[in-house]
Each structure stands twice: as structure tokens, then as C-alpha cells.
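Read the structure below first, then the notes.
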Amino acid sequence: MTAPERRYVITFGCPDRTGIIARISGFLAEHGGWIVEAAYHTDPDTGWFFTRQVVRADSLPFDAAELRARFGEVAADLSAESSWQVSDTGERRRAVVLVSKAGHCLYDLLGRVASGELDVDIAAVIGNHESLADITRAHGIPFHHVPFPTGGKEAAFEEVRKLVDEHDPHAVVLARFMQILPADLCRDWAGRAINIHHSFLPSFIGAKPYHQAHTRGVKLVGATCHYVTADLDAGPIIDQDVIRVDHGDSVEDMVRKGRDIEKVTLARGLRWHLENRVLVHGNRTVVF
Amino acid sequence: MTAPERRYVITFGCPDRTGIIARISGFLAEHGGWIVEAAYHTDPDTGWFFTRQVVRADSLPFDAAELRARFGEVAADLSAESSWQVSDTGERRRAVVLVSKAGHCLYDLLGRVASGELDVDIAAVIGNHESLADITRAHGIPFHHVPFPTGGKEAAFEEVRKLVDEHDPHAVVLARFMQILPADLCRDWAGRAINIHHSFLPSFIGAKPYHQAHTRGVKLVGATCHYVTADLDAGPIIDQDVIRVDHGDSVEDMVRKGRDIEKVTLARGLRWHLENRVLVHGNRTVVF
Amino acid sequence: MTAPERRYVITFGCPDRTGIIARISGFLAEHGGWIVEAAYHTDPDTGWFFTRQVVRADSLPFDAAELRARFGEVAADLSAESSWQVSDTGERRRAVVLVSKAGHCLYDLLGRVASGELDVDIAAVIGNHESLADITRAHGIPFHHVPFPTGGKEAAFEEVRKLVDEHDPHAVVLARFMQILPADLCRDWAGRAINIHHSFLPSFIGAKPYHQAHTRGVKLVGATCHYVTADLDAGPIIDQDVIRVDHGDSVEDMVRKGRDIEKVTLARGLRWHLENRVLVHGNRTVVF
Amino acid sequence: MTAPERRYVITFGCPDRTGIIARISGFLAEHGGWIVEAAYHTDPDTGWFFTRQVVRADSLPFDAAELRARFGEVAADLSAESSWQVSDTGERRRAVVLVSKAGHCLYDLLGRVASGELDVDIAAVIGNHESLADITRAHGIPFHHVPFPTGGKEAAFEEVRKLVDEHDPHAVVLARFMQILPADLCRDWAGRAINIHHSFLPSFIGAKPYHQAHTRGVKLVGATCHYVTADLDAGPIIDQDVIRVDHGDSVEDMVRKGRDIEKVTLARGLRWHLENRVLVHGNRTVVF
């Protein structure tokens, strides 16, 4: 695989009105911007307009900082306020992964990164148990063990915050982390903290969703990748998937089958997030 | 298509122990019974054993009534009590369908019956509106209009009960009926009243599930076919399915996409029920 | 349901270059055009650009004919040649359906039209057998029986052509028609004749695909909705779907399960076609 | 997780007739055998009967060897000839994995084994390139590099054979191995060599299936797990799956999306094989 050419990705939201697309594409065309991907969405309920535009970096006569400065005027004209962003694919993405004992999501992410499929640097893995230290280090990635003793969770989370923030990551991935983030971390990592919940939300919020699913006798189990908010398992959903189960499946079988969709759904949601494809709108997402 | 050969279907449940399969299959073999389909399940949580056996009628030297009498002794030996049944595919299945205004499930069922795919007599369709009368009658099926005025629901349900019970149907199908069955009908039609709910239960119980789904921002919408119990949308699930939606889908789009899985899931659940493939076990089902 | 507001739908393709979006959206903005839906695609292999734009009719100061005239200049500037179209949702869509004996797709289409889900007038149904005449007429739609005797197929197809062409339909739907269209009809109905093939193409081209699938022992069976071309089952694919089967499924079971996806895939492909969402590009489609 | 209790798994096929189930279950019951799982299938086309029975080892008064000897008499009575097997879950399963450069399937298998999900010893990994040596060894598994130079393939395959056969593995897994097994290895490893092909067979046999899929413009791409036979990509299919693609997906996107189903489909097929759930019947499989 050759490296993909450098691109600037504009994501943008503003109140809908006539002429937005003309304004944005006119601005880009004026400077020779070659659009290689463009997507639009209007939410009729809220009257809000969204777009994501991908421009070849070499087609513009200026760099990302200058694009940001100039596009800022367009955004101001369209009352976008802070709902826009210009990102540069030339800037390498960084993620920190939080884990507990269950390794399937971490193994999967490491494999995707190692095989070049997921284009991100995993700056660190932090675990409240040590069981995943060896595999992490075998991939050349630092592993930090932060125990979460009863009565010591607050201090533990401060330690986690410090370890995460020193990398200023584009994504904080809760890969079956099993600890509930305190409200201040939810706030400070808003739009960057991504969780995989092992149920088809809003079914089976909270603990032991596969047990809940087995008791209810459902015929499909699911997984949900979502942004973390202070409201448990209720943040904006990025992606979901399901897999068929039947009466012959024990809770353990459901856990095993569910893992396959947890892994895929988390990896897909993380990829979209890192490619700036996910725009949060209230408690919902637009995924371009 | 030639008519399928006549068969007896034994469904059976009892406390698990050694030798059950040997006892049942020994009984059948002794009389020359040719088993064309056999399925087993043991529930390790409850220690209960289930089976469904399909025997060619012409391989046995007696009729269904005699099979029932003789098999009753086997069932008694195995402490099955009332948890068993012998049904005869030579006896034509009957269903009554309850509808409101939304026609997609009824159209679908009528089409399946007319094209010979679903092997059942629809004895009558009962609607609380008249909008589906014409299409029902075009298929040569009686349509009864039973209005549900405010304050008159109790009487209306008595009328529905009368109209249903005169056919002694194998299935009472709530094809988007939109009225909540009173507890006495739930009880009297237990194991025969089948509902299609337009969500992936237990998500979005009750009214307007697609609106609830849209508000929550889910990425899949679902449908659930289940037996009706007095506990709203909480009866044993027969089948479920989902379909992908995205941010571009309005509530109306979700409704439209959801219909396709409602139709298929209801038809599949009803078929399984009519073929005696569904065994209820507590609030869960075994589907052979 | 209230009628959706009137809209103009522009579909457009041209060689890719800088400024296309700006040109088109600039043109629309200049006249106050309110874009309610917009989609773009660039094919890197062929260097071709595609877009579909939906504009509120009441936002423009002129009608569809005038829009067509004025947009023609934009199209010419961008070297689109004949690869563009302006359609008006105020003009009702018409379809003619060709059938044989199998009714499941026809029943499904009739039900969708009757329940208001599929917004099209079925002008006529033409069958080479009479078995589906009654249900068609029960829906108030003319049914024409055109027998296809050995040695008389050419004349029969001329009759079919005459019956179809008098309605000048937006779509000619081969709903399990089972006769191979002659080359001249494929040419004259190019981009309008839509077939549902009962396999996941390119697997199992031609006759008896479910038998072929059963013999090969596949674990999924499929359906393919595609435009008809002179090359059998090889036209541009609009949509495909699959359903799981297993060793217990006979050919007849596969046929039955497959019908559910044939119906849905055909209805979905037809809807997209009627909404001008499908742009043909060589032997592939862009589906916006 | 506690170790699952030891079990004997009987797989069995014979010409169908009355009394087979009674004979087998009678034999087991006679010795106190506690059946925890049982499945049956009759193929009406070939008149062949299949079963898989799982018995708790501690419920029988003898060991696997004795069970094999005694059950042999039952099998002989029923004319099963060599179509039966008794396996012992107490005997650990061994697999050898063959790879090339693409690592996604190997990473996935290693992760599943390491996390305890897939209960098998990977005795060795053999690669015709060295790129996957490090990750293999990081999991404590020997990696053998066997180059396949032009003109030296025959010798290379002899080396592979030697390296594989010394472990007498239950499964030889071609995890995107990319070399076509010679006929003699197909024969000697019949029923044990498992391949993952990156298409929905029989579509796109042979090289570069994603390129073929892209050219044809399909709307789903697939993966097929099958036993290897001398006939390329035509062996008995164990499992298949698909994932949706659209016009926006390049060949590289299809490759990436396809990997997710390749991994899952291979892992599922391998699990079923190792649990003796897959019975080959002609060129098809029965998967219990």
C-alpha cells in the first residue's frame, strides 16, 4: 500500500438556509480546491445543516493553518459558530486505550494497527488489571497498570487522566474498560471518549447485558459504539450491530458470539471517528 | 407443488434425565414410526428437556388419536405432565387476524396464503377500522368491522372474542392491531395470540417505537414477534429482526424500512407456530 | 400522511475537475434554490463525477421546463453531454409489471402501492399465464394475458411491447417474468427495465438458481435487482441481499426463504429507480 | 471460566431407515449415558441419515476407547461403515496454520486462542514470507519460514508437509495462504485442511476476488470457509458471510470490509470443525 495522499477534512454544521453549499464550494473552487469526497445532511427536525468535505492538500495554495483561518470567515458568515473543524490527514492520529481483563477488543485493535488497516498510533494502553500487559508490550506499546481499589477509585482516575492527557489523544477508547468514567472526565474528554457497550442500546443498559438478554429470551444480541457522556450508556451512538442467537445459546455462548460484533463495531466506530466522519448533533450522530 | 405427506408432530418437555430419547424413539421404533425430523434441547439452567419429533403418518399402524393415547403413557412415565402434544398435519390450520388501519402485515399474509406459501386458512379478519375490508374480501375472506369507541372497548373486545372463538383458531394474529388485549383474552388465548411489535424488544416498549428510536439515534430498527401476555410487549419472543438506518432516515423512513422486517418476522413466527416448532418455557421460547 | 412537497431532482455526471460543485450549487443559489438533499461521488478509476441534488420546487422562480433549459447550460459548460436529467416529483411515476405464474413479487408490489408505501401508478400487469389476473384486477389494475407459445415468442413480445409502450412507463418491472427479453426490447427499454434475479449474481446465472445453490451447498441464498441488458443476468446491479440457509433446507425451503429477499430487494431497487437515485455508469450503478 | 466437563462426541451417518435413533439412544441409555446435546438430519435426496450426540464422559462406565469399540457394533448393525467417529473433548485439539503476508486472519486466531475463546493449541505457524514471524513468536508459538521460489514449489510443499504432519493436527488452517495445495496434500489432509476464500463462492473463484467483485459492481462482498479439495475453491462449504458495500467503496475499501467477515467466518468454521460439528456429505456439509 502506498500512503494515501494528504488531505484536509472540513466538517461543518450551521442553521440551514439557501446557498450554504454554494458558499462553501465557491470558497474552495476559488482557491482551486479539488474535492475528493463530499457529503451533506439536513436535519428537518432541528433545521440544522451538516457537511463534510475532503480536499486534496496539494490542490490548495496554502497550508492547513491558513485554510483554517480563511475558512473561519466563511463559517462566521454562515453562523456556524464553533461547529466546524479543519483537520489534516498529514497529522498522525493518536489514541489511548483503556482496558480491564477482557482482551478481545484490544487484541483486535492491535491486530488492525499492526496489519496497517487502522491508521492510528496507540500511544498507550492503561489497564486496571495486568493481564493484557504482555500482548501490549509485544506490539511495542507502553502498558500502564492502574489498580482501582475500593475506596481508591478517585485517585485511580486522576492517574488515568494524567496518563491519557500527556498524549493529547484524538481518541480515548474504552475497550471493555468496565469502570464508569466520572463526570469530570466525561466532560473533559467529550467527543473523544468512545465506549463499546455489549448490548443493542437502549436495551440492557448497565451491568451484565448478556445475562439480561438471556433472561429476556431475545433472538439477537448486539453491540453499541458510542461517545461517553455522564449519563451511563446514553451517549450519542456511532454504530451498532447485532448477531443471531437461539435457545441453544447459553450466556457464555452469547458472550462469545457478541464479542465478534463488539470488536467489529468498536473498530468501525473508531475508524469513522478518526477520519472525522462523525458529527455529534444533540444526542445523535451524523456519520458521513 | 404436491401436497406434503401427512405427518404427526410430537412436541414434548419434561425434567431432564438419562434415557428420555431412548424411551421416546424406542416407543416410535417399536411401532415402525419413521422419524423425518427430530430436534432436542436441554436447558441447563432449569434442567428441562425438550424435543420435537416428526413422524410419517403412514409409517404408524394407528391414527393420531391412538398415537395420542399411547404416547400419553410414555409422557406420564417421563413426568411430562401436560407439557406435550401430538398434532396432525392432516388437520388444516386456522387463523384469525386482527388489524387496525396499517395494512402492510395483512397484505403480506394474504399474499403468502394466496400464493400457497403459508399453509393456513384465514377464517376471518377483524378490524377496528374498515380500511382493510375490501382487500380482505377480494381474497374471499370475511371481514368484520368492530369499532372501538372510547368507553366501549370492553364491549368491543367481547365482540372480538365471540368472532374469534367461533373459529377455534390455532392462531390469533395481531397484525399491527394497536389495541391492548385485556387480561382475560391474554389468558384464554395464551400460546395462540401472536403479536408483531415494531421495535427490537425490550427496547422501545409501548407506543410509537419508531419515534422513540429516532429520538435515541439508534443505527438499527427492529421488529419482534412474540406471544401476547398480560404484561405489555413482554411475552415470550418467537423471532426478531433488524434493519440498518442512518442519520438521513426520518421517522417516516424508519417506519417504511421497519415494515419490511415486521412483515417477514411476523410471517416467520406465525409459520413456526403453525408448524408446532415453538415451545414456550417460562418467558422464553425454544424454536425447533 | 400528507403529500410530500414538490421537488425537482437533478441527476448529473461529468468528467471530474475542480469547481463542479461550486458551479452547480452556485447556479441553484443564484435563483434561490433550496437544496434538501445532495449527494456526490467521484469514481477514481474512470475520473467521472456524479451528483444528485434535490431542490424544493417552490424555492425556484421557474418551473421544471425552465430549470431544464437553464441547467442545460451549466451541464454543457461541464461537458456532461447527455448524462444529466431534471425530474419533477409532481409528475406521477408509472410502471408496467410483467409476470408469469409466481405471484410473490406482484402481491408484494400491489400491497405496497395499495398501502401508500410505494408511490407509483401500476398502469398494467402483463402475464404469460392468467393465474395472477384476479388479484391484479381486485386492485383495480388492468391485466393483459399474452401467451408465449413455442414458436410464437416473437409475436408475443411484440404484443408485450405494444401494451407496455402505450403507457410510456418510467419502469418496466420483470417481477419473476421468466422470459428472456429480446435484444431490441433490452435496447429500447434500457435503463427502465428492471429485473429481480433469484440468486446472488454473478453466482447461479440463468435457470433454476435455487437448485444450483442447493447442489453447491451454499450457506446463504441471495437475490439481485438489476437493469436488464442483452447480456443475460449481467446488467448493472441496483441492489442485492442474502438470507441464511442450512443443511436442513430443501430446494423448496430455499425457494421460500429466497422469496422474502426477492420481494424486498425488488421493491427497494424499484423505489430507488423511481426516485432517480440510481445512476448507471458502465456496468455499475451509483445509488444515491 | 471453569473447564467444561469432559464429553464424548459421536458423529454418525448411515442409510436412513426406521429405528436408527432408537438403536443409538437405546445403546447409550443402556449404559447410563447422559446426552447433553443431540442433533439429527435426514437428507431426502440421498436417503442418508446423520446425527451428532454429545455424552457426559462421567455418565458412562467406560472410557473413549471402550465406547468406540462398543459403538462400533451399533454402527455396523446400521451399515454406517466408516461414516462414524467418537471423539473425546479431553483430548486437546491441535492446529497448524499456513500464512502468507496478510496477517488479519492470523492476528484474529492468535487473539482468540490467547483470550481463551478458541480452545485449540496452535502447534506451529508456517509462512512463505517472514512478515508474521514476530507476532507468532510473541504468542509463544513456533514460526517456520518456507520460501516458495519459482521452480521450487514442489520441494517447498514437501517441507510444509513434513512440518505439518509431525504435529498430526486436527486442522490445517489456510489463513489466506495464497498458494494452491497440490493434489496429494489435498488428498492426505482431506477433511482437515480448511481454507478461507475471500468471496461468496461460487462467485469470484480464483485470484483477486475483490477486484472481480468491484468490476462486476456487486452490492455485497463475501467470504467462504471451506474444506480444501483438489478442485480449486470448490470444496464443501462450512460457512459463508457477507457485508454490504456500495459505489463509494474502492477495491481497497472492499478488501478492508471483507477482512472483517473473513476473520469471523474462518474462526467460526474452524470452531465448528474442532467441535466435530461438521459432517461432510458429498460436496456439501451438515453443520450441527
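A, B, C and D are the chain letters, set down in written order, and residue numbers restart from 1 in every chain.
Rule of thumb we're sticking to: contacts are C-beta pairs under 8 Å (C-beta built on N, C-alpha and C of every residue); 3 or more make two chains touch, one makes a residue touch a chain.
This one's a predicted model, so the numbers in the text were calculated from it and none came from an experiment.
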| item | value |
| --- | --- |
| Chain pair with more C-beta contacts, B-C versus C-D | C-D |
| Fraction-based call for subunit D against subunit A, same above half, different below | same |
| Distance-maximising chain from subunit B - centres being C-alpha averages | A |
| Between subunit C and subunit B, distance of the C-alpha-averaged centres to the nearest whole Å | 35 |
| Centroid distance [mean C-alpha coordinates] between subunit D and subunit C, Å | 41 |
| Sequence positions of subunit B contacting 2 or more other chains | none |
| Residue ranges of subunit A in contact with subunit B within the complex | 41, 43-44, 200-204, 216-220, 222, 236-242, 246-248, 250, 281, 283-287 |
| Complex interface listing, subunit A residues touching subunit D | 1, 102-104, 107-108, 110-112, 114-115, 117, 135, 138-139, 252, 256, 259-260, 264, 267 |
| Residue ranges of subunit B touching subunit D (in the complex, touch as defined) | 18-19, 21-23, 25-26, 28-30, 32-40, 42, 59, 244 |
